[in-house]
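By letter and in written order, the chains are A, B, C and D; residue numbering begins at 1 in each of them.
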Amino acid sequence: MPKPLRIGLIGYGFMGRTHSNAYRQVNQFFDLEYRPELKAVCARDAEKVKAFASQWGYESVETDWRKLVERQDIDAVDICTPNNLHKEIALAAAANGKMILCEKPLSMNTAEGEEMCQAVEKAGVPNTVWYNYRRVPAVTLAKQIIDTGKLGRIFHYRANFLQDWTISADLPQGGTALWRLDAAAAGSGVTGDLLAHCIDTAIWLNGSITNVTAMTETFIKERKHNLTGKVEKVGIDDACAFLCHFANGSLGLFESTRYARGHKALYTLEINGENASIKWDLHDLHRLQWFDHKDEGIVRGWRSVHVTDGDQPYMKQWWVPGLQIGYEHTFIHQVADFLQALAANKPCPPTFRDALETQKICDAVLKSAANHQWTNV
Amino acid sequence: MPKPLRIGLIGYGFMGRTHSNAYRQVNQFFDLEYRPELKAVCARDAEKVKAFASQWGYESVETDWRKLVERQDIDAVDICTPNNLHKEIALAAAANGKMILCEKPLSMNTAEGEEMCQAVEKAGVPNTVWYNYRRVPAVTLAKQIIDTGKLGRIFHYRANFLQDWTISADLPQGGTALWRLDAAAAGSGVTGDLLAHCIDTAIWLNGSITNVTAMTETFIKERKHNLTGKVEKVGIDDACAFLCHFANGSLGLFESTRYARGHKALYTLEINGENASIKWDLHDLHRLQWFDHKDEGIVRGWRSVHVTDGDQPYMKQWWVPGLQIGYEHTFIHQVADFLQALAANKPCPPTFRDALETQKICDAVLKSAANHQWTNV
Amino acid sequence: MPKPLRIGLIGYGFMGRTHSNAYRQVNQFFDLEYRPELKAVCARDAEKVKAFASQWGYESVETDWRKLVERQDIDAVDICTPNNLHKEIALAAAANGKMILCEKPLSMNTAEGEEMCQAVEKAGVPNTVWYNYRRVPAVTLAKQIIDTGKLGRIFHYRANFLQDWTISADLPQGGTALWRLDAAAAGSGVTGDLLAHCIDTAIWLNGSITNVTAMTETFIKERKHNLTGKVEKVGIDDACAFLCHFANGSLGLFESTRYARGHKALYTLEINGENASIKWDLHDLHRLQWFDHKDEGIVRGWRSVHVTDGDQPYMKQWWVPGLQIGYEHTFIHQVADFLQALAANKPCPPTFRDALETQKICDAVLKSAANHQWTNV
Amino acid sequence: MPKPLRIGLIGYGFMGRTHSNAYRQVNQFFDLEYRPELKAVCARDAEKVKAFASQWGYESVETDWRKLVERQDIDAVDICTPNNLHKEIALAAAANGKMILCEKPLSMNTAEGEEMCQAVEKAGVPNTVWYNYRRVPAVTLAKQIIDTGKLGRIFHYRANFLQDWTISADLPQGGTALWRLDAAAAGSGVTGDLLAHCIDTAIWLNGSITNVTAMTETFIKERKHNLTGKVEKVGIDDACAFLCHFANGSLGLFESTRYARGHKALYTLEINGENASIKWDLHDLHRLQWFDHKDEGIVRGWRSVHVTDGDQPYMKQWWVPGLQIGYEHTFIHQVADFLQALAANKPCPPTFRDALETQKICDAVLKSAANHQWTNV
């Protein structure tokens, strides 16, 4: 019988749902030494948090996160709050010896992130950041292939994350559902929300980034603020793009926006090596595009690999070849990996320290965009 | 609080997993008056059935399905056995006043199916058949669009279901995992296993089929039988194709095979109307292809609709636009619909009677293939 | 310097344009022993034929095809008339010792075709039929691959040719532009016009067809006739589908229609072998889809081969990799092959005799559709 | 009868072929007041230029371009030489009152280009630059749509041009076929060769670019030089990417490389507006991707428009719906437009002056890449 791992969740928004679902499902599909127990969920609105607890099966609720992180019956704290609370909660949780699973981005900035790293490292608690797209089977497969060295020397890496949900000027900023548009809560706009995903995957697949030149734009300059009721200046970046150099000598190109009409959540990545190339996109996340120059010339072409076979990452836990899984499974995979790492007494990447690297790049990007100069990471 | 609906599951194979998962998840995502309780699971192998019960949270096990269908603490029997047991179990379950959720195809043939229909109708018990592909959001959306009449007069319907997993002559037939290759257990090969899906969707979307001309083939004539250990004649159809007329005057073309190298589970359908056309395929199940002749000429083209928005069928229960769901969700949707129908005291299609229509067409197809003649349904 | 091959073209419709263009261009791109000379073009309307001759560079015109086929300064007669004139012209041309390039389908029926074959064979004149899709580079590449035996045992062949240009009931039949809708001129509808293409390619790629079961439909029963001015019964098939067996044991599925809303000229074909599969479609004719089961499992998938490289059929004559050619080039390739065959004193397939095989299958298909029975070819 | 326009072609490489073909074909497909006469072709190698003349039907040859531009029987000079000769030839041709059709890029740099503009403007001779991708029907269609204002406010423009043909370190630089790798002949690498195309289309579709930040890379630092026989430093940029601002407030992202394994000539562009978006790529050049937010929500999606209908740009001159044209047709279209402009006494864009704008941007890009700073155009 698996041992219980008692979870305390803080925040019950979109990510609260995906994490709760992952905890509930993981043991049905993975053979693990631990089983998450949904011990408590915390949010300020008592009524709503009770409803959430009832819906997802949490045993208890809290309305003050400080109480939750101090509870003796909690092993791991899952931080799903807006970004501006990550640091404070993480520091308190670490101080209380809790393991921490923190939503991405790690922090509002590098300085905060560094504090968080030091806190978990000092406390010696297992920690991970929910950069869930690493665990899309097709992306994990990309990592496996890259690690074989088959691609040869890498020349190019490009990624973008295109959305279109904030085009309307009538959309307000701030508050429960829209804190991502509020700079005070989110820290940045698409840079921390979307590009951070692209960067995390990129450095995992292609190594570190050394310097960047970036531009950002805020297309809608003012929006009504849900917390104040007034029209206020928009502080976030609506779009961000940057060029960069990777330490391995390859060139990088990144772009993100919430103003790309027609794209709901189009995260795409491509890596071009001397011998082979890989492409992937989130809108058809179960497919990997693979080009191998060693294929016979007359029938050489991009292969569309339907990543649903038992010998492909994570897939033997699911259904049968041809039957795709979806978005939520990436979180289940991360929980499975976290629990396996725990059993093996190993870190579950990306750790806080790994995620800090993404934070540094985001900071360099925003700095470059602000001062219009190439900036070292 | 939702009322419990106590489930007794018979069979724990691939479908046993998908159904169990659906029962476990449905109330997290749908607001319902009932909540499935996993009361008992039944299979002949006591050890394996216990492991399954433990994995999925069933409270108890049985090794004799007759005991299960007689238990007073069971409200609904879910039949996931090989096809040759459907009838006997269904009759017993109905006699005991149980609701029945039966895996597809309904039965070995029309005669058995008719008995089953009469049994559930006489007993007055809610019943449904797991033709899960009706509940792929893109397919449900197709149904909604067709029901508006936007397509105008229908000219063509075509569907195929292509797999490649039985090409190797070394694959044996029969037994736990491979009963689908054993005519005694399955009744037919691809006709009942795959074409039945195509037919169920087709008659739902395009109305009844009046007559057919068909051909079947068994490419590998003999395979080792897992139950006897001997090489035996293969009794199933490896491939089946048929032409047909629909009652609405449109022409139909159907094909299924397990020998289409390169296709894992490629169920595709297309319907061509006077004004518009629709296409869908299971390998990218979250997309619907839509062509509307009323679009302005110079920018007219097939639209690739990413069915992940809240106003599209079932999707407001899941994540956010752009984030796809997968195969298993079709079963969750069917449970949700079953529970809603139960609360509303309405049938949940396809009922046994609905599914009997598919059985009749399968029988006509197999008869036509055997005697090489056009055959009325 | 290439020797002249003096061409006499009969008919100046759509095909007259494609052939004339091919004659004019072929020597720019292929190094050949012969060079077509556009000697004469013939049609009944003197004014229009003069304009065509002027446009395309024909030296002279005729208004009576009998005169053209008797001219001493003509080496080869190109028949681009409606189908009902093919036989008479071919017989006269052969009797005059002319080479013949005949538009497809060869004839109105097998009996006519047999007469034509005997005429050219008796006269010993080079002859070919313009089944141009054999010379799409991607299709020729498919043939090359299949001929290597890489696919192993063949299980399935399927093809369709879907159009939507006759859906409007207001479209008349008959006359210059619309003789394809007039049974008296065309012989049949989609069977001879579209399926004949599918069949020609199929027997070239997969060998002979032994028997068929077919259905046809005429959706619009009456249309105004351009020649009589009256509303008349439509004699052609608007749609035709058939199942068949190939001599190599594989199963065939064919469909054609002019009522598939959204498809302009979608000729698709697919062949599934034990080890590999191939797909192609005319809407993106420069691509071949290739699936090789011998590829490593985790990166196995359909390859989209962009057939524009110099080592792929015909392509070294054109531009550079990545730059596609189009529809008209298939005719240029056929002229090049015809001229090369002439220089080598070899037949240029498909000859009349090759094309007669397609005619026999079309006849069997129409017969099967009429009497609702499986019919041997 | 069309009037002759006597062409003198200088250079007979890849572009010499595409232009010659365009001159030969244009009057077969377009009804024009002028007809190109292939008067003379010029290149240094007397034997090869004679063979080319014979192949393409040029009446005479020259081996000194100065003679050609002075000939009285030449109306228009077509410059297909390496870039380093454009200016000198153009100045001489203008001085002799010749019309000029110049291959892209216009010049080695802005200064040269400005001289060329002043020369043709002073001489008052018609002039155009062969940025042929403007005349891909799908791209022209994009322009038409954008000009209606349907897209609303523009937020993003992105384009890339990805090739992989120079990855091998064994490929030499310089000489007839490989002058594009020789900085002395080409001026720059991918910037002038590939990005120039992307920029030309971009400013045509989206207006002027105000400032850029760029990076370039030369992956293979030394290659054997075909002219000297020695291994020499590579002076060109193998890859170039830049971010920019358009005058209309939208953000731009451009990338080009010859090291993107798997892409032969993948020129893609995308423009995102408030209400609609457009995408196109050269590998399937006959398709336009169109997204219209005004489409009904549940069936909203990217449309794949098969640009082969008579009401789409240029296509009524060609075949019938569904039948695609290819790369070479873009040159035919440009000749047709040039001849029509000539008849109407209007400029044929892009003129030298239009193309100078692209030159300025290329210069700014290269300058920014060199000094690592944002640079105004």
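In this text, a residue touches a chain if its C-beta (ideal position, glycine included) is under 8 Å from a C-beta of that chain, and two chains touch if they have at least 3 such contacts.
All values reported here derive from a predicted model rather than from experimental measurement.
Using the mean of the Cα atoms as each chain's centre, the chain most removed from chain A is C. In terms of C-beta pairs in contact, the better-connected of the chain pairs A-C and A-D is A-D. The mean-CA centres of chain A and chain C are about 55 angstrom from one another, to the nearest whole unit. Centroid to centroid, with C-alpha atoms defining each point, chain A and chain B lie 36 Å apart. In whole angstrom, the spacing between the mean C-alpha positions of chain A and chain D is 42.
Looking at chain A, residues 263, 287, 302, 306, 309 sit in touch with two or more other chains.
In terms of inter-chain touching, the protein chains here all touch one another pairwise.
Residues 141, 144-145, 287-288, 290, 292, 295, 297-306, 309, 311-312 of chain D are the ones that touch chain B when the two sit in their complex. By the touch criterion given at the top, residues 14, 18, 20-21, 24-25, 27-28, 55-56, 163, 165, 263-266, 282-287, 306, 308-309, 318-329 of chain C touch chain D in their complex.
Of all residues in chain B, those touching chain C in their complex are 155-156, 158, 162, 164, 167, 213-215, 217, 219, 239, 241-243, 245, 249, 251, 253, 255, 257, 259-263, 272-277, 291, 293, 302, 372-374.
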